[in-house]
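Pasting the structures in now, so scroll down.
Two complexes come next, and they have one chain in common, chain A, joined by chain B in the first and chain C in the second.
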Partner chain A sequence: MNRVLPILTVLLAIVVIWYVAAIGMNANWQNTLNTRAALTNVPFTDFAQQTWAQDRPVLPAPHQVIGEIWNATVALEITSKRSLAYHGWITLSSTLLGFVLGTALGVLLAIIIVHNEASNRSLMPWIIASQTIPILAIAPMVVVGLGAVGITGTVPRALISMYLSFFPVVVGMVKGLRSPEGIQLDLMRTYDASPWQTFWKLRWPAAMPMLFASMKVGIAISLIGAVVSELSNAAGGGLGVRLLTGSYNGQTIQIWAALFIAAALAAVLVMVVGFAETAVNRRMGARPA
Partner chain B sequence: MTAVVSAQNLGLTFKTNDGDVVALSDVNLTIDKGEFVSFIGPSGCGKTTFLRTIADLEQPTSGTLTINGQSPENARKDRAYGYVFQAPALYPWRTIEKNIALPLEIMGHSKSQQAERVKRTMDLVNLSGFEKKYPWQLSGGMQQRASIARALAFDADLLLMDEPFGALDEIVRDHLNSELLKLWDRTKKTICFVTHSIPEAVFLSTKIVVMSPRPGRVTDIIESNLPRERPLDIRETPEFLAIAARVRDGLRAGHSYDEDHI
Partner chain C sequence: MSQLQFFLALVAGGLSAAAFALSVVTPFEQGLLLKAFLALGFMSLIRFFLPLGLWADAALALLGAVALLTTIGAFGPTPAFFWMALVGAWLFSWLFVERLSKALAPRLSDNAGLGLLIPMVFGMALLVIWEVVTRGANVPPVLLPAPSMIGAQLANSAPILWADFVQTFIKSVLPGYAIGCLSGLVVAILVDRSPFLKAGLLPIGNFMSALPIIGIAPIMVMWFGFDWQSKAAVVVAMTFFPMLVNTVAGLNASSAIERDLMATYAADYWQTLMKLRLPAAGPFIFNALKINSTLALIGAIVAEFFGTPIVGMGFRISTGVGRLAIDLVWAEIAVAAVAGSAFYGVIALIERGVTFWHPSVRGGRA
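Our next item is the complex of A and B:
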C-alpha cells in the first residue's frame, strides 16, 4: 500500500492536468464551433464537456484515448486492418527479432573487442559513428532497398531495430567483460587457464549485470526502431503506420491510442527483461537487494 | 636436491612514463623444500613484486630465477604453486565449494576427484558446513580461508601468499596465523609469505627476508631458531624478541623508516 499510494497520487495528478490542458488546448476550436452553431453563453461545465468530446481534438481527453484503445482492440476482430492488436503484433514481432539479432551482434562485437586490441581501435569508432546517423535517414534506405531485392515484411524492420539495439549492448558488454579485477584475472593465469576458460568462468559471468542493463535499453530502442521503420512502408502495417495515417488524417485520438499501445509494449518488454535479470541473479547467488 | 626457489642477481625494472622504476635489484635467495619464508619491508620494497615474479605474473629484467629447477613460466604451466592474494578474490557467483573447485575444473579433474579434494581442503581450513554459502555470506576471515583452500586444492607443493591477512583485524589474524602454522606442519608445503608485520613474520617463519625500498633489495636474511611448534605466547619469549629486534634493525639499516625520499 505504501508503494501504491504515491504512484496513484502521481497518476491522479497527471489525469487532472491532462483534462485541464484538454480544455485549454481545444477551447479555440470549440469556440469556433459554438460561434458557427450560434451558441452563446455556454456555461463552463458544458463547455468543458464539449472540449472533451471533439472528433479531432488538439489534445484528446484520457477517456477518449482509452475508448479508442478499447474499440480498436477488444471490440474489433484481430484480423481487421484497424485493429491495434494486429498492428501491435507487427511491431512486436520486428522488435523482438531485431532485439535478439542486435543483442547477439552486440555481444559478438564486444567479445572481439575485448580480446583483440586492434579491433578495439578499429571497430569502436565505426560503432559510435553508426549511431550518429539519424535512423530516419537509414530506415527508408534499408526498407526500400531490401524491398527492391524481394526482402519484405518483418526482416527489414527487424534490421533497423537491430541497428539501434546492438549499440548499448556492445558498449555495456565491453565494460562488463572488462569488469573482472586484476587479481581475478591473475588467478586464472596462475592456473594456466586457457582464454576460453577465462572467458566462460570469469569474464562472462562478471558481465551479466551489464548485459541486463544494456538489454533493457536495447529492447526499448528496438521498439523505436521498429516503429520508425514502419513509417517507410505504410502498406506493411504496424503501430508506426497507425501514427502516420493518424497524423495525415488529423486523427489525434488514433495517434494517442497507438502511442499508448507502444508505450505499454515498451514497459512490458523492459519488465520481461527485468524478470529474466532477477531469475539469473538468483541463480548466480546474488545478495538480495 | 634442487632448491624450490632460487634467485641469482635478480633484477626487475618497470618502465613508466616518469622513467624507470627499479622494483628489484640484485636479489640473491634460495628457498629449500618445507621452509616457511617471510618477506618483510615497507611498501615499495619489492616484496610483492618478488612473489609475483616467482609466480610468473611479472617478468624479471636481469638475473636468473628458477622454480623447482625450471623457468617460472614452465613452473606456472606445471601448476607448481598456489597463490593467495591480498584480497580473497572469490568469484561472487560461485558458492564456496564451487570457488574451491575452480582450479580443479580448469585443470580437468573428474567430478568425483573435485568433490573429494574440495571436502579435504575445506576440512583443512575449518570451513566445513559452509559449502553451499556464497562469498558475501561469509566474514572476511572466512573468505580468506576459502581462498587459501582454493590455493591448496590442487596440491601444489609451493604456496605463495601475498599479505593474505593484511585486511583482517588482529584477533582474526592471530587465529589464522596459528591455523596456518598447523596447516604448514601437516602438509609439509613450502610457503612464501609477504607481510609488513614484524610479529607475524617472526611468529610464522623459518627464514625472514628483510627488504628495503628504492631500489627494492634484500638487506638481511634471518634464519629463525624457534621450534616448529609455536603457541601464540611464544611471542613473549626472549628468543622471539631477539629475532624481532634483528628484523627491526634490518629494516632500520635499509633506511626503511626514513621520512624523506619524496
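Our next item is the complex of A and C:
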C-alpha cells in the first residue's frame, strides 16, 4: 500500500493538470465557436465542458481519448481499417519479429565476442559507435529501399526493430557472460569441463539476469523502431500510420488514441519479459528478491 | 598457431592459389596488380614451412584491397576469381587481426596505438567490401550507393548539408537537449527532497522512459508550428525522463557514512548537495547525458518527418527518398552519424574530466 498511494497521487495530479490544461489550450477556439454561435456569458462550468467536448481539440481531454480507444477497438470489427486493434496488431507483429531476431543476433554476437579476442577488439567499438548513429531517423528510408527490391510487409520494419534491439542485448550479454569470476572458471577447469560445458553450466546461467535486463530495454526500443518505420508507408497500416494520418487531418483525438495504445503495448511487452524473468528465476532456483 | 589461425591461413592461401590459376587465362596485362596479389597470396602458403610475420599478412591484405579497388571494371563481366580475391583479401585481414590481438593480449594497457588498429582494420575492410561489391556487382545505386559516390555527394552538396545541419542540430537539438536535461536535473533535485513525491514519480518516470515518446512529434508540430520550436519541444520531452530517473538514482549514490560525515561537519542541505551528493551523482548524470545525446538527434530528425520548413536533415531524408536521390540521403546519414558520434564523444570526454575519480575512468576504460 505504501508504494501504491504515492503513484496514485501523482497519476491523479497528472489527470487534473491535464483537464485544466485542456480548458486553457482549447479556450481560444471555443471562444471563436461561441462568438459565431452568438453565445455570450457562458458560465464557466459549461464553458469547461465545452472545451472538453470539441471535435478537433488542441489538447483532447482524457475521457475523449479513452472514448476514442473504446470506439476504435471494441466497437469496431477487428478487420476494419479504422480499428486500432488491427493497426496495433501490425505494429506488434513487426515489433515481436524484430525483437526475436535482434535478441538472437545480440546473443550470438556476444558469444563470439566473449570467446574470441580479435572479434572483441574489432567489433565492440563499432557496435558502440553504431548506436550513436541516429538509424531510427532513416528507418522510413530503409523500408522504402527494401521495398524497391521486393521486400515488403513486416520484414523490413522488423529489420529496423532488430537493429535497435540487438545493441542492448550485445552489451548486456557480454557483461553477463563475463560475470563468472576467475575462481568459478578455475573450478570448471578442475572438473575438466569442456568449453561447451563451461558455457552451458556456468556462463549462460550467470548471464541470465543481464539478459532479461537488456531484453526489457530491447523490447521497448523495438516497439519504437516499429512505429517509426511505419511512417514511410501510409498504406501499410500500423500505429505509426495512425499518427501520420492523424497529423495530416488534424485528428488530435486519433493521435492521442494511437499514442495511448502504443504506450499500453510497451507496458504490456515489458511486463511479459518481466514475467518470463520471474519464471526462469524460479526454475533456476533463485530466491525471490 | 591456433586452430583458427591455421584454417584462416590455409583457406586464404588456397583461395588465392585457385583464383590465380583461374586468372592466368585472361590477357596478361589485364588487372596486373590483382594477379600480383593473388600470386603473393599463393606464395603465403610457404608459412607452413617457414614462419611469416604478422605484418606480412597486413601487407597482403592492404595490397589486396588496393588491387581490388583499382581493378573494378577492368574485366568485362566480373569474373569469379575477382570475388575469390575479395574473400581472400578479407581472410588475410582477419588473419592479421587475429594474430595481432593474440600478440597484444598479454599486455592489455600499454598499447593504445596498436589496439586502435584492430577496429580500424575492421572498419576499412567493411568500407572496401562495400565499395567493391556495390561497384563490382553493379548494385543499383537506388538500393545502396558505393561509399565513393556518397563521398562525392558529400563534397558536392556541402552547402545544403551545412544548412540542414544548422537547422536540425544547432537550432533544434542543442536547445532542446539543454532544456530537457536541465529541467530533468532540476526536477530530480526538487523531487529528491520529498520521499512521497519520489516514490510516486520514480516508477512513472521509469515507465515513461520505456514509452515511444517520439510519437508526440505530430502533436508538438501542431502546437508549436513547423519551425525548430516544435522539434526542440520533442527533444525536451524525450530527454527529460532519462535525466530525471538517472539523477534521482544518482542522488542516492552517496553512502550513509559519507552523508554522516557531512552531518558531523554541520553542513546544511545545500552544502551536502553541492559538495557530496551532486558530484557522487556524476556518473549517473553523465550516463543520462550520453543516452540523451543520441535520443535528441533521433527526436529532431523524426519530428521533421511530420512537417518542417524546406530545410533540415529529416526533411532532406524524406524528400530524398521520394525523389530517389539516395546518394544525397546517404550523405545526410553520414553527416548525422558523424554529428551523433561527435556529440557523444564530446560528452564522454567531459565525463572523463569531471568524474575522474570514478573507477571506470581510473581503470582507463570509459
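The rule we apply is simple: the second predicted complex is superposed on the first by the 279 of 289 C-alpha atoms of A that agree within 3 Å, B and C clash if a C-alpha of one lies under 4 Å from a C-alpha of the other, contacts with A are read in each partner's own complex, and residues count from 1 in each chain.
The definition used in the following text is that a residue touches a chain if its C-beta (ideal position, glycine included) is under 8 Å from a C-beta of that chain, and two chains touch if they have at least 3 such contacts.
If you're wondering where the values come from, they're calculated on a predicted model, not measured in any experiment.
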| item | value |
| --- | --- |
| First (chain B), second (chain C), both or neither touched by A:118 | second |
| Touched partner set for A:186, first chain B, second chain C, both or neither | first |
| Contacts of A:255 with chain B and chain C, given as first, second, both or neither | second |
| Touching partner for A:107 - first (chain B), second (chain C), both, neither | neither |
| First, second, both or neither for A:285, with chain B first and chain C second | first |
| Which superposed partner A:144 touches (first chain B, second chain C, both, neither) | second |
| Chain B versus chain C as contact partner of A:215, first or second or both or neither | neither |
| Touching partner for A:164 - first (chain B), second (chain C), both, neither | neither |
| Most chain A residues touched (candidates chain B, chain C) | C |
| In the complex, chain A residues that touch chain B | 181, 183-184, 186-193, 197, 201-202, 205-206, 208, 284-287 |
| Touching residues on chain B, where the partner in the complex is chain A | 55-57, 76-77, 79, 81-83, 85-87, 89, 91-95, 102-103, 105-107, 134, 136 |
| Residues on chain A engaged by chain C in the complex (per definition of touch) | 2-3, 6-11, 14, 58, 116-118, 120-126, 129, 131-134, 136-138, 140-141, 144-145, 148-149, 216-217, 220, 223-224, 227-228, 231-232, 239-240, 243-244, 246-247, 250, 252, 255-256, 258-259, 262-263, 266-267, 270 |
| For the chain C and chain A complex, residues of the former touching the latter | 4, 94, 97-98, 100-102, 105, 115, 118-119, 121-123, 142-144, 196-201, 203-204, 207, 210-212, 214-219, 221-223, 293-294, 297-298, 301-302, 305-307, 313-314, 317-318, 320-321, 326, 329, 333, 336-337, 340-341, 343-344 |
